[in-house]
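As structure tokens, here come the structures.
In the two complexes below, subunit A is the common chain; its partner is subunit B in one and subunit C in the other.
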Partner chain A sequence: MPGILEYQSGDTFLHRAHPLVKLLLAAVICVGGFLTQSLWVNLALLALSIVGGFALGMGRKVKASLKGAGSLCLFLFVVQLPFVRMGRTLLPLPFGLRITDLGLRYCAQLGMRLLGATLPLVLMLGVTRLSDLTNTLVAQLGIPYRYAFVITTAIRFIPVLFVEMRDVIEAQTARGVELDGSFKQKIRLIPPLCVPLLVSCVQRMENNALAAELRGFYLRKRGSGYRRYPLSAADAPALAACALILIIAIIT
Partner chain B sequence: MEPIILLEDVSFSYEGASGRALDGVRLSITPGEFVGVIGPAGAGKTTLAHALSGVTPHVRRGDFYGAARVAGLDTVSSSVAELSKTVGCVFQDIESQFVTTMVEDEILFALENFSVPRDEIPSRVDRALNDLDIADLRLRSISTLSGGQKQKVALAAALALAPSVLVLDEATGELDPASSVQVFELLTQLQRERGATIIVIEQKIMLLCAYAERLLVMDQGRVVIDGSVRRALEQPDRLLALGVNCPRVTTLAARLREKGLYHGAPPVSLDEAEAMVREALA
Partner chain C sequence: MILLENVSYAIESRELISGASLRIGQGEFAALAGENGAGKSTLLKLIMGLIKPTRGDILIQGASTRDRKVSALARTVGYLFQNPDRQLFGATIRQELSFGLDFLGVSKSDAESRVEETLGWLKLDPDRAPLSLSRGERQRVALASLFVRRPSLLLLDEPTTGLDYRECMQMMNTVARLNREDGVTVLMITHDMEIALDFAPRMLTLSGGRIIADGSTRELMRDEAMLKRASLIPAQMVALARRLGLAPGEADDADSLAEWVASSVKGGAQRAGHT
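This part shows the complex of A and B:
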């Protein structure tokens, strides 16, 4: 099963859509969430991503993203909520802190904006091959291949880092390192976990760069890509959706 | 015939290292040879592979002495990119070889970089996938593959380019015995049909015996035995002293010879081993 940021094979209309259109759609949903002042529009955009994700057969990715980004959003919600002083006080707290109606609204909207920005990007990467993304960035946006490759390689390395981290944890656990314990103990565990992770990642990136160089990376030209990416009529609904989301986000 | 690989007194020591990883290596390989390289850990096998592909001294830096030429290119004055047009490599650390996320993209990567004509690309990709029996993996994400499948993908990516020189550094380490044989069969086919020069660094000595025409045994950065497989196998005690395990039939042949029961050359195949046993029993 591919990881959360990896491409998932499929034959949906979004899988077949032009890579730049998919990138644009994801970007518009993200930006739209920050442009709108309406909580309902944020909710609608979030719902659109969740429903869209399930419709694309990526329920697992949606759940994992909601779980991962949701925890962060919840943390930010709890941390920020008592410090918003505007609005009607709903619950007074010690040290002059309070929970207000506007505080609830702002913090909830912030959480939804973060979730709304995460999900479309995860789904876009789920329906777009990184090589297609690289090729279109090069061929259609004119970004030099080296930079486009670096961008997509950085995305590719995120799941790789998680796998490396898991391997390091397993190796250290097998050596008797106890990962459960007090906060102080966990702080002490940072060096035995992070140092091998850092070393293995640097080594891996170096070997990866070498592998690319050995396979003609520096010989690549702008027109070297094999696949062609023409815009087609099938991309029209997605482009229309982009325009519609942007208009709604601006006027609300 | 003009050698395709010529190493003249090549020595190399890595930056900060006290010893030499390669120490006065002299080597001449003619086009179309199938050469096996074996030796204990730290013998300099990987450094030799790096020297052939230009990784040493361009990427893995250090002090390089002597002269190395591959397909007429001086590996010191030519860039890795220039050399990569001729030399295909598959290294030990398979996980680090992949530069894309999908099997098909991995094979396309080098073909695109080398600007292979568009109409040739589909057939090259198909052939590479079919040759290694991995056509069904074409649209799979590399992260979902087993170690053996990943090795096959890395090999397919190298084979798709049809390089004149192919260097494999323990590239069958994670393959099961049947798949290892399949890879060696494929290499032989590549050598026969396209005249490719194959250099295989391998610990599975039986495979080298069965497929390689020439064996290099390395120790402490030097090539200590260089000759036909049979000639190398005639020195089982020396091989053992170097940390290289001889095939059991070869050890048996040596023992039978000691006892005067066998007088022929060490067997390198099952048929020859059978003939040896018959002679000993006669």
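This part shows the complex of A and C:
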């Protein structure tokens, strides 16, 4: 079972689409969410990502993203809500704080924008191989290989670091470290958990950088690579959807 | 000490451990061998309580691991990971060894004496940074950081991987001393049959998540079919003794084999003299 940021094989039209078109579609949905002032458009974009995710067979990724990013959105909603002073007061709170109608709207929109920006990226990575993304970034956008490599490697490393973190937690728990102790104990847990993770990350980075250099990393040019990624007629609907979303986001 | 009763562990309907049952007594030294993916580390993690069995039960000193937190089990069980860097974080070896003793409720004076005693056999400068040591030294510091807690059971996950011969022997002699002098029970994963033969009187072999053999290391080393099934090769001395047609246990180490060769040569020479 692939992780939340890993490629999930499939044969949908988005799996077959040009990598740059997929990247563009994800970017347009993210940017559209920030351009629009309409809460309904934000809701529609979020619904589009959720329904699209399930249609692509990535319901598990959608649920995991909603759970992870959703809790962050909820936290931001609760923290910000009492501090928005504009609008009609719906509920006065102690210390001069209040909940207003505009506060509710702004905080809800902020949450939806964050969710709306997270889901398309997760889905884009689910239908695009990172190697294809790197190749097109280099060959078609002209981004230097070292930068494209850094971007895709950072994404590829997130699940690896999760596994590493889990192993470090296991190792420290086996030493008798209690993860559910008091706040003071939790502060003391920072070095046992962070130092091994940091050491392992630095070691891994150093090894990978050396290995890449020894394998001719700096020899790669824009024209290198065997695969070509031509645009096809099948990409037209996705491009049309990009244009439509952008127009709606700008006029609303 | 350790009792496994028909233990199984599965992830998403894939069974990694199937119906494992075994008993390891206090003070025993057992090796756990098998091919990669056979379930050795999973079995050790089950015993440590890091993962819970989907079926069956594991008892450590009579108490089930199901109902106990890992931090509580860590009072009596020490788990040494294959990669010591996941366990080490202290600025100095002394700090590394001292960490967590207060969590256990050990008094300051007792903690200090335990650290000093452990530093005594570790024979490393206590003010050195653990991460600046060699791989073998880091592995020994990780072992010392477990031993300072006075566990009665040590679970070792391939403790000699990546060590050179000298470091390997230092590591294994330390473990053997803890087993012999302090009565610590040891269950050690190893792919090295020479080490299993030299240090562990008992061997368990896993294949496909099942314990396929459990017995004397010397006897199991002669079970060619079982070793083949577990993708293992016998220790060189055992293989040589078998090729010479010797009975199991007759000459399975260098000294006894040398004695046998010398007596055979002497006997041969005498027979030649008579004729």
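The rule we apply is simple: the second predicted complex is superposed on the first by the 252 of 252 C-alpha atoms of A that agree within 3 Å, B and C clash if a C-alpha of one lies under 4 Å from a C-alpha of the other, contacts with A are read in each partner's own complex, and residues count from 1 in each chain.
As a convention for this text, a contact is a pair of C-beta atoms (placed from the backbone, for glycine too) under 8 Å apart; a residue touches a chain by one contact, two chains touch by 3 or more.
On a predicted model such as this, the values are computed, not experimentally measured, just so you know.
Taken together through their common subunit A, the two structures put subunit B and subunit C in a clash.
When the two complexes are overlaid on their common chain A, residue A:Arg156 makes contact with subunit B while staying clear of subunit C. Contacts of A:Thr89 after superposition: neither subunit B nor subunit C is touched.
In the superposition on chain A, contact of A:Asn208 is made with subunit B only, not with subunit C.
The wider contact with subunit A, measured as residues touched, comes from B rather than the other of subunit B and subunit C. In the superposition on chain A, A:Leu130 contacts subunit B only, with no contact to subunit C. Legend: residue contacts after superposition of the two complexes on their common chain; A:Ser71 is shown touching neither subunit B nor subunit C. Of the two partner chains placed around the shared chain by superposition, subunit C is the only one that A:Ser200 touches, whereas subunit B remains out of contact.
In the superposition on chain A, A:Gln140 makes contact with neither subunit B nor subunit C. Once chain A of one complex is fitted onto chain A of the other, the partner contacts of A:Glu6 are limited to subunit B, with no touch recorded for subunit C.
Once the two complexes are overlaid on the shared chain, A:Ser232 sits clear of subunit B and of subunit C alike. Residues 1, 203 of subunit A lie at the contact with subunit B in one complex and at the contact with subunit C in the other. Listing the residues of subunit C that touch subunit A in their complex gives 12, 45, 48, 50, 69-71, 74-75, 77-79, 81, 83, 85-90, 99-100, 103-104, 131, 145-146, 149. By the touch criterion stated above, subunit A contacts subunit C in their complex at residues 1, 167-168, 170-178, 185, 191-192, 194-196, 199-200, 203. Here subunit A touches subunit B in the complex through residues 1-3, 6-9, 129-131, 153, 156, 159, 163, 203-204, 207-208, 210-221, 224-226, going by the rule given at the top.
Of all the residues in subunit B, the ones that touch subunit A in their complex are 53, 55, 59, 79-81, 84-85, 89, 91, 93, 95-102, 105, 108-115, 118, 121, 139-141, 143-144, 157, 161.
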